[in-house]
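Each chain carries a letter (A, B, C, D, E, F, G and H) given by its place in the written order, and its residues are counted from 1.
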Amino acid sequence: MHEQKIKKLMQNLKSSKIGVDDAVKELKFLPFEDLGFARLDHHREIRLGVPEIVLGEGKTLEQLVPIVRRMTDKSRTVIVSRLDREKGAHLTKEFPGGEYHEKARLFSLRREPEERNSPGILFILAAGTSDIPVAEEAAITARLLGHDVRRLYDCGVAGLHRLLPEIPRIREASVLIVVAGMEGALPSVVAGLVGRPIIAVPTSVGYGMSLSGVTPLLAMLNSCVPGVTVVNIDNGVGAAVAAHLITRA
Amino acid sequence: MHEQKIKKLMQNLKSSKIGVDDAVKELKFLPFEDLGFARLDHHREIRLGVPEIVLGEGKTLEQLVPIVRRMTDKSRTVIVSRLDREKGAHLTKEFPGGEYHEKARLFSLRREPEERNSPGILFILAAGTSDIPVAEEAAITARLLGHDVRRLYDCGVAGLHRLLPEIPRIREASVLIVVAGMEGALPSVVAGLVGRPIIAVPTSVGYGMSLSGVTPLLAMLNSCVPGVTVVNIDNGVGAAVAAHLITRA
Amino acid sequence: MHEQKIKKLMQNLKSSKIGVDDAVKELKFLPFEDLGFARLDHHREIRLGVPEIVLGEGKTLEQLVPIVRRMTDKSRTVIVSRLDREKGAHLTKEFPGGEYHEKARLFSLRREPEERNSPGILFILAAGTSDIPVAEEAAITARLLGHDVRRLYDCGVAGLHRLLPEIPRIREASVLIVVAGMEGALPSVVAGLVGRPIIAVPTSVGYGMSLSGVTPLLAMLNSCVPGVTVVNIDNGVGAAVAAHLITRA
Amino acid sequence: MHEQKIKKLMQNLKSSKIGVDDAVKELKFLPFEDLGFARLDHHREIRLGVPEIVLGEGKTLEQLVPIVRRMTDKSRTVIVSRLDREKGAHLTKEFPGGEYHEKARLFSLRREPEERNSPGILFILAAGTSDIPVAEEAAITARLLGHDVRRLYDCGVAGLHRLLPEIPRIREASVLIVVAGMEGALPSVVAGLVGRPIIAVPTSVGYGMSLSGVTPLLAMLNSCVPGVTVVNIDNGVGAAVAAHLITRA
Amino acid sequence: MHEQKIKKLMQNLKSSKIGVDDAVKELKFLPFEDLGFARLDHHREIRLGVPEIVLGEGKTLEQLVPIVRRMTDKSRTVIVSRLDREKGAHLTKEFPGGEYHEKARLFSLRREPEERNSPGILFILAAGTSDIPVAEEAAITARLLGHDVRRLYDCGVAGLHRLLPEIPRIREASVLIVVAGMEGALPSVVAGLVGRPIIAVPTSVGYGMSLSGVTPLLAMLNSCVPGVTVVNIDNGVGAAVAAHLITRA
Amino acid sequence: MHEQKIKKLMQNLKSSKIGVDDAVKELKFLPFEDLGFARLDHHREIRLGVPEIVLGEGKTLEQLVPIVRRMTDKSRTVIVSRLDREKGAHLTKEFPGGEYHEKARLFSLRREPEERNSPGILFILAAGTSDIPVAEEAAITARLLGHDVRRLYDCGVAGLHRLLPEIPRIREASVLIVVAGMEGALPSVVAGLVGRPIIAVPTSVGYGMSLSGVTPLLAMLNSCVPGVTVVNIDNGVGAAVAAHLITRA
Amino acid sequence: MHEQKIKKLMQNLKSSKIGVDDAVKELKFLPFEDLGFARLDHHREIRLGVPEIVLGEGKTLEQLVPIVRRMTDKSRTVIVSRLDREKGAHLTKEFPGGEYHEKARLFSLRREPEERNSPGILFILAAGTSDIPVAEEAAITARLLGHDVRRLYDCGVAGLHRLLPEIPRIREASVLIVVAGMEGALPSVVAGLVGRPIIAVPTSVGYGMSLSGVTPLLAMLNSCVPGVTVVNIDNGVGAAVAAHLITRA
Amino acid sequence: MHEQKIKKLMQNLKSSKIGVDDAVKELKFLPFEDLGFARLDHHREIRLGVPEIVLGEGKTLEQLVPIVRRMTDKSRTVIVSRLDREKGAHLTKEFPGGEYHEKARLFSLRREPEERNSPGILFILAAGTSDIPVAEEAAITARLLGHDVRRLYDCGVAGLHRLLPEIPRIREASVLIVVAGMEGALPSVVAGLVGRPIIAVPTSVGYGMSLSGVTPLLAMLNSCVPGVTVVNIDNGVGAAVAAHLITRA
């Protein structure tokens, strides 16, 4: 229907019933639906520089296999996050070249060999050993996006003696992801010592009033050091993508 | 920039370098930003049939007066909600023909005399006398949108003897707005007796565990009668607009 | 007891001890309990036009089978929602003609062939693939209630390029159900583009601060577009019934 | 140690070193710990008229069997609540004469035959079929405490036609327990019609914003009819004991 | 309309077209709306034995004066709760014989001299001095309803030495209202010592994690002594009415 | 009444009707109420070593003056907390020798000159300048209880360079009170460096997701260093009393 | 004390009692407190490139004036945020060259003329007019930190037609701050269209279930587009500092 | 790098290019990173007197075995908390001399025989039998830290007659741990009777509005007796460590 209207306009232009300027002007002021048929944004992933990342949790293998297959056609890097070991094994068997990262609970498949395409260093800190899965989700995702990832784990505020000596090394990073559960204090402490963008990731590790990660999230949002930004609980993928966008900025 | 690209396309068409079909196809697949200059939707309010309604709360008179002035140019009906008496008096003086509805805490200005333009009846019920301001916000808004509004106030579930005899009359409505605070039970009771669309509006009236309206909101969302829908606490305007869209559907 | 009182009144009337007007007046002012024996509302379902829908969750097969049997006697359409696959299979075997809709987790049984009895189009949108079960619960319920249901899934706000081209088609709907988890933004975006009644359904899909659906629910209640109404988390049945009442209004 | 002090005082009295009035006065002003050895309240259960009721949930059979055994020595009635079927079967085998009430998830053992020892009628209402287990917990407990229990189930506010005709009968009760989930409106409606003490029991049945019973609890606490009192979610035992204390008052 | 139908029925009966039994039967099965005109329950207050109590909070004097006037016509006792001192003074001047109870923030007006009409004793305990306003709201309301009210204030669990010596006296009560803020422990302690119905009233006194009364409310709902029932935060009126219904039960 | 019973027992003993052992045994097994008249604990404050501290907030001067007067009779130290400047001035005028501590919002009155009666050092840390009022409430209270109080303010985790050099000095403390708002991380950091009892006090300073102190409270409860204990938000008095009890332990 | 130890070590080195390597090694392994006197980080602000920003809210002028004076000595840029107009006027009078930004509620004082020192463009979007104060707090702060700030206000998701045409222009930004209240959907929509780092700022504007900004915060944390990061409610300053760190990364 | 700088300084000192005072001064003002190599705190556990305690929950045996092995090398006492029976059995087999404490769900391994090294008595009270696991976690941990632990279980406020006679004995403690679920009132009652430091531990036992331990936690934070301090829900280990630090203070 709308196509007809546009066609008519084109024909009028072609047959010189109207001039170029008028045609452009008319197009410009067409109400939205008349442009609705346009395929607005075919290449989003390529232009944004971030492949679509599939949330594996809650999806069956019947759903995951065709999704991964379709993605391999259009994307150089396929990532499925929050995937249990069993499904990871299945995908690895189904897709030769795929890899299941157990700690990170993440499946990946690359059409081309991994290569570093980001200039700076991405430092990932984790406060405790139980925060490592989330940190690894961020680390693997970031590496797949082409980053030089460095890790410093088990450096929570209970043991500043483990953290402080590493500060000079951490300062070489261009962006930091800081993962913490419990009282979620690590991002504040690091932000007070290192003048770099810090993406804080609360984890759901803990019990009682950790409230499945709400406590570290709240703490991070109230950091006394301005400039700390926060992502959802356990959202390692989101932190990695944010870091990726920052280093590309 | 993008305008240039489109212009070029038009010129190619005009000079027959390409045909009409090709031009249409190319337009169709232009990435989004190339169409960005289009004024997508100039007449939203007219087409949607709902004038923009200004939230008066938290706006100064210095902000409100020019906003109202600008709106009178493009809209037949101007509505400013959640407006205190003092500001209402000011606007009424500033804009001849404007009216301040004290109970509803709402200012309105119509270019043309009010007229009923909706076929059915809109029934507005309020559980208690303290729910009346929210009910009136809905009632006045609905009347300004052209509805035949009927009111039944102070008919909460504590006194079914006041509600039940009115049920036959209520059944003549084509849509109902049911306003209630405290335990928010009225919409469920009405929905069990009247087979009409019911928009439930919780109010912030109460103390202690009424939690400023969270309790009636939760109750309404858990209505044991399927089909009740809910709007935000104290949101009389939203309920009126929803009712308006329903009767137009 | 009360029956005696009424009987007495009738006898007095019959024997002309009192007149008709007095009898009516006396009936009118009888305290409530004297009328208590009246079978007030035998045919609620038929009159309201909505069959009772059984919540299957938390019911055993021992409870479900007789409930379904009883309902088949008085209702043309039997619907059992939130039913797992195993119980669905059992009911299908038990009741010939019954059907288990797996995606929707819903069992249905119709005495007569399905027929479309509602004039308009009901459009159901789902933001993500994981919102589909809730959307399907709404879709199947609506179809069983006689609606012409159209679906548009996986059109969340992350990819406006998938949603915008469909807007003209969506505008043909007489009512919309918009299902979304995560940040629950889809209903607002659609409501800004389409002047139709929109019933928003939050889903419990997500993790961390999605708070099992509380986040999209809150977002939908705070839609910046007035007129969006909301039902409980995952409440596809409620949305379908609300849409049904609207199209019948 | 303290016993020595008292003994010394007694000896002084006996040997007339001090008089009776002085001895009483001295006893009166002894600091608290000097009276600490007193067995203050040996017969609490008998005097309060309420046997101790054991919360079965979270206790192993190794813990439950000796507890029940010990209780049978001092109490005419033993009640274990929130007990699953398997443990119930075990206790029934272990203690001849014991009974497992499946719907109520409650084990009981009486030394003497049950007898009605309370003058009035205890009416128990349940809004929906899924509220029955909690209602039965209250009903069985109340019967074991000697009450004449009457039940009215599945009479929620969605179907006033099922509730209203029963009002005259309900008014004969001396106390009511009203059990409801979802929007928890039934206690308010009943309280508006029946001038009796009403103990409202919210249930955890539901999904989404029922918040596992928080919603009906909040609704009941905000009843627009003053005089409704509330117990914890699913707390049928507590409601029965409250009703028991009321009828004894 | 419906009146017509009934009239017709009466006339048929009177003219012996139908018999008495048939008339009764027909009345019985009339659908609800045909009885809608009946004034179901004219004398609710008298029969329930509880006068309507007006929530003064949030009402203007322009609203309160006519409400009180109207109530004096039909009720022996008028009570307006949660009323500030200024409005109280105004009502006292407006209505001779009216009284403003400052501590209780309550206005009352009785047509007849107060008299005790309830057999037992109502004991009201308050944990701290700051809980007294709520306790007084309950006390004054109960006295106006005809109760013999006894008070014991400032007897919180921090000083058992003040509470324990009063237990024998408290045991003479037929019902107790126990008011407490902070950790809300007093009702549990009292319930463990006194076998009487206990209505617990949480107060909003406190700061920080008292959460304006949510903490004592939660504590009271989780009392380890079964049988404690709870009303809304600061709801002295509700507690008094509940106690009133209990003593009348 | 009960006094009579005891008197009788004493007389029987005196007249050798019973022996000493029997008298003691009988006393021992008297039910609780028979001992109810005993003034159990006249000297609680003296024995516990903590004077009663009055919460000034929400009390009128009419209430405060007599309370303070009565306390001066039985207590060496009178403390009124959470008191505004105006009331503080009034009390200072009313009670010569009294002192109003403005930062701490606390009034005190000592019968004897202050003296240090606690062996160790009490260190009070405050994260930010806005936490100082709460820290001062703790500091003044502790000094009044006889402690050697040292302060270190504005040493939050954003500036470890201000905190770390003080650690050796802090380690000399026998107990620490650590006051913090925002993300509440200071107690964890200090606890990781100093092996002393740490009482963490969250403050209500902040905005947005500080949730009036809930965030630092939650963070402190989830400290990754075991051994940190927590008091209510802004509860400087409670922290000081806890520290006092600890040093006396 | 510790200084003595170090001094001794230096003297031993100087007098050749130990060699250089041994001295370094010994320094290296000194327990922390022996280094405690070191002034660790005198120039934090200069090195981090972010001047300390004072939270004006809750501080008196008596506190603010000396704080600002002290800061002017060591910092090129002084910023006081969340400052009301009256205090702003006072500071402007007190400090010549200071400026009060009314919309942003922010006072600033620069020793040197403002200059742009950041290469990219910082785009600040605000969904509604009531979100402008927070957006301005971010904008002014960013400009003071040397950024080229561009603004796009009132472009919420209710009116995509106002946002979409600006997308090409927005894509030129190197980092975006997106401010929104209500349902907080704008960051997700923008993130789906623009591959740049996005800092989302929820605002406390709204009523009812906006929960003073909690709703948009939750929505932003659950953005269906990975890579969005979030700061505290109304935290314009924090967003500006984060953007500043990003562009410097 | 930084080591070079220090080395240079040492050499300058040694070669008398600078004097001792200048060297010390220079060291003192080195920015933080130049000291970064220092091993700040090698012996934290030994100095703090508290061995690191491993949270067993959520760790696999593959993780736990090497952790325990490494800890046995540097710590006299190894404790793994929140460990299920199966893993406990495995560790006991793997590490001869290790012990699994079933009630406490805790594994321990000591290199030397347990010995009492703390002067006072640690009293642990538990309100109900279901609070015993948490109380035992505290008790076993405290015993492993060298304390003389006394237990008093099942002494909740519902039965003061069980608690009060024990008060004299409890007063001999130097510190108390009070464990309670449900309404969490026990710490307040004990604190009113015993002038000792009290560490309150809420437990997650209960249902409905116990909110998995949030209710007793809130109650404990609002204790009307100042001086009660609180740890996280179910945190027996934290309470034991706090008690340990107190007795060592």
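Definition applied: a contact is a pair of C-beta atoms (placed from the backbone, for glycine too) under 8 Å apart; a residue touches a chain by one contact, two chains touch by 3 or more.
Here the structure is a predicted model, which means the values were calculated and not measured.
> Please work out which of C-D and F-H is bridged by more C-beta pairs in contact, and write that pair.
Most contacts of the two pairs: F-H.
> With chain centres taken as the means of their Cα atoms, state the distance from chain D to chain H in Å.
Inter-chain centre distance comes to 38 Å.
> When the C-alpha atoms of chain E and chain H are each averaged to a single point, how far apart are the two points in Å?
About 49 Å, centre to centre.
> Once you find the CA centre of chain A and the CA centre of chain B, what distance in Å lies between them?
Averaging C-alpha atoms per chain gives centres 37 Å apart.
> For chain B versus chain H, what separation do you get between their C-alpha means, in angstrom?
57
> Please output the residue numbers of chain B that touch at least 2 other chains, ranges allowed.
32, 37-42, 44, 159-161, 164, 192-193, 208-210, 214, 217, 221-223, 232, 235
> Output every touching chain pair, sorted by label.
Every pair of chains in contact is listed here: A-B, A-C, A-F, A-G, A-H, B-C, B-D, B-E, B-G, C-D, C-E, C-G, D-E, D-F, D-H, E-F, E-H, F-G, F-H, G-H.
> Quick check on the complex: what are the chain F residues that touch chain A?
Interface residues on chain F, with respect to chain A: 127-128, 156-160, 182-185, 188-189, 191-193, 206, 208-211, 214-216, 218-225.
> Okay, in this complex, where on chain E does chain D touch?
32, 41, 44, 47-50, 53, 120, 161, 174-175, 192-199, 217, 221-223, 226-232, 235, 237-239, 241-242, 244-249
> Of all residues in chain G, which touch chain H in the complex?
Residues 3, 6-7, 10-11, 13-14, 16, 19-21, 23-24, 27-32, 35, 37-43, 47.
> Write out the stretch or stretches of chain C touching chain D in their complex.
Residues 1-2, 32-33, 36-42, 44, 55, 57-59, 63, 82, 202, 204, 212-214, 217, 232-235 of chain C touch chain D in their complex.
> Residues of chain A touching chain H in their complex?
Per the stated touch rule, the residues are 129-130, 159-161, 164-168, 171, 193, 205, 207-210.
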